[in-house]
Amino acid sequence: MKRYVVRRICTGILTVLIAFALNFALMKMAPGDPITTLMGKDNDSPEMRQALEEKYGLNEPIPVQFTSYLKTALQGDLGNSMIYNRPVSEMISERVGATVLLGLTAAILAALIGTIMGICAARREGRIFDVVSSGTSYVFNSMPNFWLGLMLILVFSSGLGLLPSYGMTDTRASYTGIMYYMDIAKHMVLPVATLTLVLIPQYFRIAKSSVLQVTNEDFVTTLRAVGMSEKKIFNKYIFKNAILPTVTIFGISMAYLITGVTLIEIVFAWPGMGRLVMTAINQRDYPTLMGIYLIMSVSIAVVMLVVDIIYAMLDPRIRYE
Amino acid sequence: MENREFISIEDVAMWYPYKGKDKAKATGKKNWIKAVDGVSLSIKKGEILGIIGESGCGKSTLGRILTRLEKPTKGDCFINGVSTGAMIKKDAKEFHKTVQIVFQNPFDTFTPRDTIGKILMRPLKNYKIGKNDQERYQICLKGLEQGGLRPAEDIMKRFPHELSGGQLQRISIIRSMFLNPQFIIADEPVSMLDVSVRADIINMLIDLSRNQGAAVLFISHDIALTRYISDYIAVMYLGRVVEYGTADDVIKNPQHPYTKALISNCASIDPEEKVQNIAIEGEPPTPLNPGPGCYFEPRCYCACETCRQSYPEKIVMENGHWATCSRINK
Amino acid sequence: MEKMKKICKTIKGDRQLLAGMIGIVILLALVILAPVVASENPHHYGKDILNSLGQNGHLLGTNHMGQDIYSMIIYGVRTSLRVAVISALISGVLGVLIGGVAGFFGGKVDTFVSELINVFMMLPSFFLILLIIALFGNSITNVMVVIGITTWPSNAKLMRAQALSLRQRTFVKSAEAMGETKLQILFKYILPNGIFPVIANTTMGMSNAILTEAGLSFLGLGDPSIISWGQMIYTGKQYITSAWWISAFAGIAIVITVLVFYLLGDGLNHVLNPKHLNRGAN
Amino acid sequence: METILKLDDVNVTYVNKEKEVYAVRNASFSIEKGDSLGVVGESGSGKSTLANALLRLHNEKSTLISGAAEFEGKDLIKMTSKEMNELRWKEISVVFQKAMNALSPVHRIGRQVEDIYHVHEPQASRKEIEERMIYLLKLVNLPERVYRLYPHEMSGGMLQRVAIAISLLHKPKLIIFDEATTALDVVTQGQILQEVVQMEKEMDMTRIMITHDMSVVAASCNKVAVMYAGEFMEIGRVEYIFKNPMHPYTQGLLNSFPSLKGENERLHAIPGFLPDLSRKQEGCIFAPRCPKATEQCFRKKPQASYMEDGRMVSCWLYERGGVKDGE
Amino acid sequence: GCSGSGKGSGGDASSSDGSGGTFIVRSAGDPMSFNPDVAGDDNGYPIAQNMFRRLCALDSSKQNLVPEAAESWEYNEDATKLTFHLRDDLKWSDGEALTSEDVKYTFDTIKANPTYYFSASMAVVDSIEAPDDYTVIFNLNKPDSSLVYFLGWYATFIMPEHVYNNGQAWEENSEATNPTVTCGPFKLEEYNQGESVTLVKNEEFADPAKLDKLIFSIIPDEATAVQALQNGEIDFFENFSASYVTELEADPNIRVEINEYPSPIRMLFNFNNDTLKNQAVRKAIAMAVDRDEVSEKVFNEIQKPEYALYPSYVEWAANTEDTAPEFDIEGAKKVLEDAGFTADADGNYITGLTIDVFEGSGYPDTARLIQATLAEVGIQTEIEVSEYNAWSQKVSVEKDFDICLMGGFMGPDPSALVNRIGTGGGSNYGSYSNTKVDELLAQGASTAEQSERATYYKEAQTILAEELPYINIVSFAGPEASNAGFKNLPYDGEGKWAWADYSHVEKAN
């Protein structure tokens, strides 16, 4: 176990480094730089360009830039955003909450609803419930999440005027206390619904297929032969065996939480990381992009590790080699 | 028949490094799975040597080494005095032509994607047997018919899963025959087959060794069958040969306690012949760092102090029959 | 002949596969027959702008540029299928080769490659695609290549697992014993026998490629010189309340196409599942 | 002796989308209390199908079972599933071939044993169960610690013994071994067989032993039933049948077995292979492979004939000389 | 369509308490810094305009100067000295007075710092004098009558010397992230990154704002912002796509105004390209652009076709007689034929040209329409769309393009043309060069009298109309929409107050 964990950590670190180098290389190779943004529109002063390049060390050789950045990053300092001139870590920490709130809520809801539906469908295989929910899950699985978001806005926000269409809070009202949280909850309804709807199918399918698979395992036949009631077999044995893949999927979707909600954040103007990323790309804000990427890689690596460990704890069969 | 040893296996060993699990830490040193641990045997031309032993004792590993699908950790085998290691280095194709293997599971011996025709033609093409495809096709037809597989043309068109196990196993042997091998290893060739069809395979192997003078190594855990087919039998335990002799000697007059237990436990189909089974204590062993004493000692019903200290010597009896047990003459 | 019959039978036997097959045939027909089926050239910027459904003979209306939405949807199939097929092909070929080599040769090669696969699996791929496309330009070729080279790891992983287990299979051992070379074995035995889960996965990958392309287009990173549903949604977004048909139908087209590939992939998964293919390997 | 199980014309048919597989046909036989019946037959001859049918483990939707199987006077096939559940394990238990998969991989043996025990004895305390199980483990020659292990932590042989031990939890009257020892090596198999025969005597159980290994039957059963393609060819006492097989199929089977100590005679295979079970056959099912088949064999199914030594043979060769015919 | 009657005008809800109310303005992104002089920042500008003062400012037409910190200003005869007279009633929020020292400090620092946006424009300024607390004199090293306009444009806000002058760079100063000392109708209350910037009324200010609160709500996505406006979640949204105009105009709760200023969309030719060097080719291309179609389809007829070489909106400077040629497919073909081009089998005269555009603001659509009409003439083009930064790198830094479409401010004064088409001008991406034009532009810049300047500029345009180094396609007009419950929006203050100045906004009744 220990060796396994160590090895996984090594892989994680390697991934982060490679991700990082890749990202750095891509950004440096790409046309455009943050200077354009810094100089502002309709400004072509070569002196200013040169002065800015010097100021941000962009005229140094790329390996030098890389190592110097890496060095500070290893010390836990992500540097300052070139555009906003604020610590990147601060910018990320301000945003990450919103993303996690959105992504986590949706992931949990989807996992719960999807798994329950999947189990129900598996138990009623071939019946109306199964056919309908499988069909629906296919359709939602095929739906671009941004489009679904737009359609939901069209119906629930502009059509029926029931729910706010953008943002996290009502800027005008600026509520406090319990009302503040109610307000956030209200703003969350549409984006969370969108995300949940597109996430449900994968849980549904994995739950359904693993229940079906486990149901056909030999040990279930044994339990039947023992005279155990179907209900008990399900609750005590099938469930525990079948829930494992869901755990993995949930873990993986946790890891990709930040990337997964990018489009939704843009559709709903949700003040999260996804938008920070898009802005940073457009502005070529190197430190911010690198910082986000680093955080993202690290969190994926960590979550994956945690998932593996949890999985190992749940499933005694796993051996570490 | 030539009297010189045709195949000689000299002190062959196959140790796999043992990965994982915590035991490794306790002892500190590297752990080995000694799948085959110093086996020396010889086979004459036209002779069938049977190898028996319980699951995991290294029978298949030995077979794989002899076909050079794996390189032994130690030792080598010689065909006509030439090292197989050298042979495969010099000309791998030629080596594989000389040594052929028939596997246990006929259902899995052929790629499910190709027709039998294609499968049979491949080695012919590889070895440039026959001038053109047409001639090769004829060779295949002839082979199939000789093996009792009729209508051959129809069988050539079929896919492996459309044939029965017995048919497949026969095709597997026929395919080996195309190359005129001098040494055939049959690794449990009938254990996956129905009783009613396996006789064909056994008879085919016997004919092969008799007619073509090929040496055959017959691996099986079915003792009765092994005795039936073999001239000699070697009994393996945890990677070592513990007893060797002519088939009748070993079966009727077993010397090693393990052989005795094995044979006594082997039920006969004759219901009247109720023998007293010799029980073996303990759980089946693993080949992980066995020794230093006799490997069978922990389960042996007549073990003594000497067995615990060092691996017993080979004790040779009449008729080339030998066993490694310190208690034999006492 | 018989083979064809059998294939037909398996297709008929699996409802999802059947639906997927019918879907894909229709889509392919649309690709070929687009000029016949479409009512006008989708690149024609006509006089009728923002026509609603059925107005002036525009079945699904027009957009602000005067392009016929129905025709655009029809021609959009070409783009989506092209993206799907080419990117999946790139991803499939890379995955199969890399995974196959790793699994078959094993040892150090495998350790190295599987670590590489692990690393690539953990990279946030949509993000990477986004970054590359945003930074390096959004031609459809870029999009296809980038999707292809960022999604191979899952294929490689599948292929590696297949190769690893196939390597132990008797027919591979027996091929080796029959004197076939490593390369022959890899291409004649390992790849053909191990490729089916990859094919199913690749089909699923096609759905994702279509969705990814749509997502990129939605962020304004689509190729402007082609007709793509993602871009229709993107431009239609401006008209979402006044001319909803621009983005709504494009979205439905995406849903249907992606659905077809999902059904196909799932169906293939059932049918090509190695469990159904091999006997005696239980 | 009292009859514990009596089968009367049991048929089991798998109904799939495209075809029906007649896996067991017209099975009729009976077992007395304390008997041990070996069912032999080639792979796919319907042995497991029959075993599962007796415990009603088949998927009810896709399997048709007809006929009557009386267990102590109650018909297993007509029983409600509640009654069936009552019976399962307490009266009839079964040991499957693939012990490796017969237990849930994510629960410890102890947990599973407790759950299984509680099905019929909800009041039993943990300690009681553990004691009972440990007693049984000892009986099958396993150490106590096994109780606390996960299935994957044991070897196949150990698991097989665990499975046997679990099947004995409630001292069932009838126990079915479905190829329970086939996967084991000779030594272990021999040992387990011996233990089983021993236990049987102690506990007064009836046993059905399904296997394709004749020697296993020879060593551990007193009656044997030879099955071919879903039908019983010959049923009778082991010593009679093995000494003097009457049905051509039985003869063929025994001919293809070399003896351990006797003379080395040439082995004979039965040509051909198992017929397609989804097709209804007009005549004797074995006819296409039978060396002694006559034209009649292909036309009409032979009746079961009962011989003097109590055996049943289903073959035209004996139609005349059979006891039944004389009555 | 749906006319978003759901919430009506949310502004009323909070205004019922009788106070000035809250006004919510859509912002496309986060401000880069709260020191508005560091960079030319579109998102930061409106915030700064309401928290800081500058000497003078351009109004929403971006043509007229209005006074801010300075009551008045004047040039000397030869336009080499610019004098400002400051108001004496302006105070920083910490009570200190805003004086000429602050102004001098601000512009000295900008001049000394090449990384600050206005630094390059300060090149003409020799020195700054502050003879007394309320007078500031800019001494120029050459005549430049346009400087005052540029002072009213971007990044010229007066910074408090007593706070900033502590040896720290502006962008590093904590004031740049959290401004406590400001001078304007509003002051900062709260900034939530990615969400909103909240300003509250500065009671101490000399001309107090009517509103209580001014919030900049950050909504990058345009469609979302339109939704929000219709739902009453925001009150003001400027410069959105023309496509929304019809729909918003139909909404009784929303007031839509079209605000025009001199930033036409134009097509620029690269003179380094051998084909495009040929005047006939440029002319043919110019004749193949159907401005009416572009205006109608891409800009919903909000942005009108523009034929003049300088925005005709600036009436005094634009030459509306000598203009680019009209749309004429056959004429274009003839121009090419006359110049010796022959059509190939497919009827193409010229192939292989690329049109570079950046994503957004209708450029790709415009390019597509032009591509289609060019193809009719027999000129085959490829469109390459890049994201803005990459486009900018390609066009402005590497100058690696054939034809590009671009927009951008051509004001506030025609003197800015030097930069765009003058030989060696910083924004002269197409490397156009004509000595006569250079001369005329120089004369225009060094003359203070407007009618005299007009003649120089018009003559320059006559040459440009012949040579066609670029052509304008459509004029610029930004639709701006607001909650109908408010009046005196920035664009209501033409000639009265600065663009993006919200201090005059008040409830309609």
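In order of appearance the chains are A, B, C, D and E, and numbering begins at 1 in each one.
Note that a residue touches a chain if its C-beta (ideal position, glycine included) is under 8 Å from a C-beta of that chain, and two chains touch if they have at least 3 such contacts.
A quick note: this is a predicted structure, and the numbers were derived from the prediction, not measured.
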item: Chain hops separating subunit E from subunit D, counting only touching neighbours; value: 2
item: Co-neighbours of subunit E and subunit C - touch as defined; value: A
item: Those chains which touch subunit D and also touch subunit C; value: A, B
item: Most extensive contact between chains (C-beta pair count); value: A-E
item: Chain whose average C-alpha position is farthest from subunit B's own; value: E
item: Cα-centroid distance, subunit A relative to subunit B, in whole angstrom; value: 55
item: Mean-CA-position distance for subunit E and subunit B (Å); value: 88
item: Euclidean distance of C-alpha centroids - subunit B vs subunit D, Å; value: 32
item: Per-residue multi-chain contacts in subunit E, two or more chains; value: 2, 4, 223, 227, 230, 386-387, 390
item: In subunit D, residues with contacts to at least two other chains; value: none
item: Residues within subunit C bordering two or more other chains; value: 134-137, 237, 240-241
item: Sites on subunit A touched by subunit C in the complex; value: 11-12, 14-15, 18-19, 22-23, 26-27, 29-32, 138-139, 141-144, 146-148, 150-151, 153-154, 158, 255-256, 258-260, 262-263, 266, 277-278, 281-282, 289, 293, 296-297, 300-301, 304
item: Complex interface listing, subunit B residues touching subunit D; value: 54-55, 164, 166-167, 194-200, 202-203, 221, 223-225, 227-228, 251-252, 261-274, 277, 279-280, 283-284
item: Complex contact set, residues of subunit B against subunit C; value: 64, 67, 69, 92-93, 95-97, 99-101, 103-113, 122-123, 126-127, 161, 165, 172, 175, 179, 192
item: Complex contact set, residues of subunit E against subunit C; value: 1-2, 4, 222-223, 226-227, 230, 241, 243-244, 246-247, 293, 296-298, 300, 359-360, 364-365, 367-369, 372, 382-387, 390
item: Residues on subunit C engaged by subunit B in the complex (per definition of touch); value: 169-171, 173-180, 188-189, 192-193, 277-281
